[in-house]
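Structure incoming, see below.
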Amino acid sequence: MAELRAQVCAGNQQLFEAGLVVWTGGNLSARDPETGLVAIKPSGMQYGQMRAEDMVVLDLDGNIVDGVRGPSSDTASHLRIYRLRPELRSIVHTHSNYASAFAAAGMAIPCCLTAIADEFGGPVPCGDYAPIGGTAIGDEVVRQLGRSPAILMKQHGVFTVGATIEKAIKAAVMVEDVAKTVSIAMGIGRVESLPAEEIAANFERYQQRYGTGSASVGVRS
Amino acid sequence: MAELRAQVCAGNQQLFEAGLVVWTGGNLSARDPETGLVAIKPSGMQYGQMRAEDMVVLDLDGNIVDGVRGPSSDTASHLRIYRLRPELRSIVHTHSNYASAFAAAGMAIPCCLTAIADEFGGPVPCGDYAPIGGTAIGDEVVRQLGRSPAILMKQHGVFTVGATIEKAIKAAVMVEDVAKTVSIAMGIGRVESLPAEEIAANFERYQQRYGTGSASVGVRS
Amino acid sequence: MAELRAQVCAGNQQLFEAGLVVWTGGNLSARDPETGLVAIKPSGMQYGQMRAEDMVVLDLDGNIVDGVRGPSSDTASHLRIYRLRPELRSIVHTHSNYASAFAAAGMAIPCCLTAIADEFGGPVPCGDYAPIGGTAIGDEVVRQLGRSPAILMKQHGVFTVGATIEKAIKAAVMVEDVAKTVSIAMGIGRVESLPAEEIAANFERYQQRYGTGSASVGVRS
Amino acid sequence: MAELRAQVCAGNQQLFEAGLVVWTGGNLSARDPETGLVAIKPSGMQYGQMRAEDMVVLDLDGNIVDGVRGPSSDTASHLRIYRLRPELRSIVHTHSNYASAFAAAGMAIPCCLTAIADEFGGPVPCGDYAPIGGTAIGDEVVRQLGRSPAILMKQHGVFTVGATIEKAIKAAVMVEDVAKTVSIAMGIGRVESLPAEEIAANFERYQQRYGTGSASVGVRS
């Protein structure tokens, strides 16, 4: 449990260092595969001040198992996703600017770049608006989850998921990166989707690398 | 008084580190609740060089009580706001780029994201143009102050207020962050306001957290 | 002369740290008031590697008086400006992105913000295209110089001038900052000039502060 | 070979420090002129963790000569370019945001700034879409290579080439810098190409400096 907390704390700080979150916004959680418990960022704490012991540990019903602080106000959304998708081990939520701009406009990010096909396997979907605090956001994220590890939530922000903390962070970094490129492209010209066969070819190449068992599988260099 | 100066100096430097101000632009002040005196950034001094003893201490009539430097040229605006709103303890002024772009266009920031509803309780208003140096800016800021701790001033910049230095800085950080997201969104699609009931629900959730007495109350994580 | 070189080297590095230049682009020079000699950045040298002894010292005819490196390829433009305007002591040239975007479009930056009226006293003018290497750029910069210490050169970049190195750098920082705000504003709405009397009032307030003799005169806080 | 690996590792890290790549994306390679062997970034490794011994050394047929890691998934593209253009010694590939935005829109960067004429000798071309992994990308990059050391690849990203590692990196830095300026300019007004004779004059001045034999030849300051 101490190790999970340390990893979750380090993961949250990585979001801040990558410029994906400001002030106390955003959060990362991870699930321990053995106990099923989830560690998540505490509520209202700035990233620079967080230490591993500030992380809050909960069960899937939201009972605090360990921790002196209150959990993130997005905790219910995280727990709902973990409950519905047992294979997931980490979830990230951000309001990163470029990806959230697509969310603000209620638009998916079109699959107009090889980097989007590689990482997301198609457009990055935008889920319907859902209120914060209950199960609605988790339900909508899971409803949208297909190939893409990133889901935009309309008029809210970004959720990413992964089989590891690193993969969830990677999806958060990559969705902001491609959202920036695509939003600039839409300002200077027209973007169009890659053909379905090219999307499939890029995504399959990625999946094959993903299955090799190396620590860096599935990561295009 | 030494402590107030140290806090005001640190607060001003936080604005710079957050990228909200350049060169000698922008300023933060705070009011001592016991004496009613206000400490503010000195005029024309770069952030990296400021020390606590450079802060200027004034009474609400603008008389310099302590300090060897001249006060910020926006001092009259700060003092006017403190005079009209006794509950406020800190004021921030910036020309941060994205929020000031809305000010340049004379537009409020529409309440199209949950983050805006949470922090600002509705659109971030844009006050009418008012000349620098007298009471006009302070009067217009106060006239616009409702729920939102941030006010845009047309063709000028941003003022934020708070019951603590931290809250005034937070509003300055958050208004720039949401202005960036919304301006990008307006470039790629259409943004629309959240429904009034969703704005109210988000803001009330925020307010309830605000009332719990913890150091991090009112801060969404 | 050693001191001038050290100041010119430090000034060039400030341009890099402020994000106004990349790689070996851009340059800053200063004139020694006693000898009339000019020190300028060497050609093709990256900012992180420059030391004071790399600066090149020339007379106004372009003869190298001291230095082991070749002078910046914009040296002729600097020397022409110094020759025509004896009161100037420092010149900065950058391709900073937002200000150069106005130059690329051949547009002045409209005086739509108090910060522009304060620092530039009106719109930041855009000079006609002039070829690099001879006297044409210097002639056009001087032809455009009125109140504004910054001049855009069409399809090229930015020149700023000052009575001190610090003032020339300040103008370069401020023109990029306001160009960023105004370009974002033009993407979300319409910008309009401040009324002439407000421009004059803001600029005069600035000028009065400018005349007080303090080290930080003329700098709005 | 150890020196080549160290230089390739340092070059890759420079791409990251310059903000041109994120996570494990992008890659730099260099060819040893004596052996003809190529060293390239390993696949799926983050920039902060790379050391010289992680670089992969291959011959032009793609046989791994030395190295414990898998080579970048763009290796086939690099090798094809080296095979077709024996004078090239280094290749850079990035998804840098502003340049890749032109690629996403399938547009060349118009030669509307002196900096573009200097470095690229005309518009930065945009090659047709080509699938990742075989010889198609390398063939298309070489087909587009004229004066410009940078080529955009439609719906993919940027390739730059050079006679040294430094020149390939410089082209990657400069293409992103000018793409940023031009994309902002297209948002606020109209851009037009420089006249052909001005492009030629700027490029020739650059070429003449290029021929002087100094370490910094060809670099405009």
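A few notes on this one:
Just so it is clear, A, B, C and D label the chains in written order, and each chain counts residues from 1 on its own.
One rule holds for everything that comes next: contacts are C-beta pairs under 8 Å (C-beta built on N, C-alpha and C of every residue); 3 or more make two chains touch, one makes a residue touch a chain.
Heads up on the chains, UniProt names are A, B, C, D = L-ribulose-5-phosphate 4-epimerase.
What you are looking at is a predicted structure, and each value in this text was computed from that prediction instead of being measured.
Think of each touching pair as a link: the shortest run of links from chain A to chain C has 2 of them. With every chain reduced to the mean of its CA atoms, the largest distance from chain A is reached by C. The rotation that brings the Cα trace of chain B onto that of chain C spans 90°, given to the nearest 5.
Looking at which positions face the partner, chain A and chain D present mostly different ones, since fewer than half of the interface numbers are shared. Chain C and chain D have CA centres that are 31 Å apart.
For this pair, chain B with chain D, the centres built from the Cα atoms lie 44 Å apart. Multi-chain contact residues, meaning those touching two or more other chains, occur in chain C at positions 187.
Chain contacts here close into one cycle, and each chain has exactly two touching partners. All chain pairs that touch, listed by label, are A-B, A-D, B-C, C-D. On the side of chain A, the complex with chain B involves touching residues 22-27, 41-45, 70, 72-74, 95, 97-98, 100-107, 129, 131-133, 155-157, 183, 186-187.
Residues 112-115, 170, 173-174, 177, 180-182, 184-185, 187-191, 194, 198, 201-202, 205, 209, 214, 216-221 of chain D are the ones that touch chain C when the two sit in their complex.
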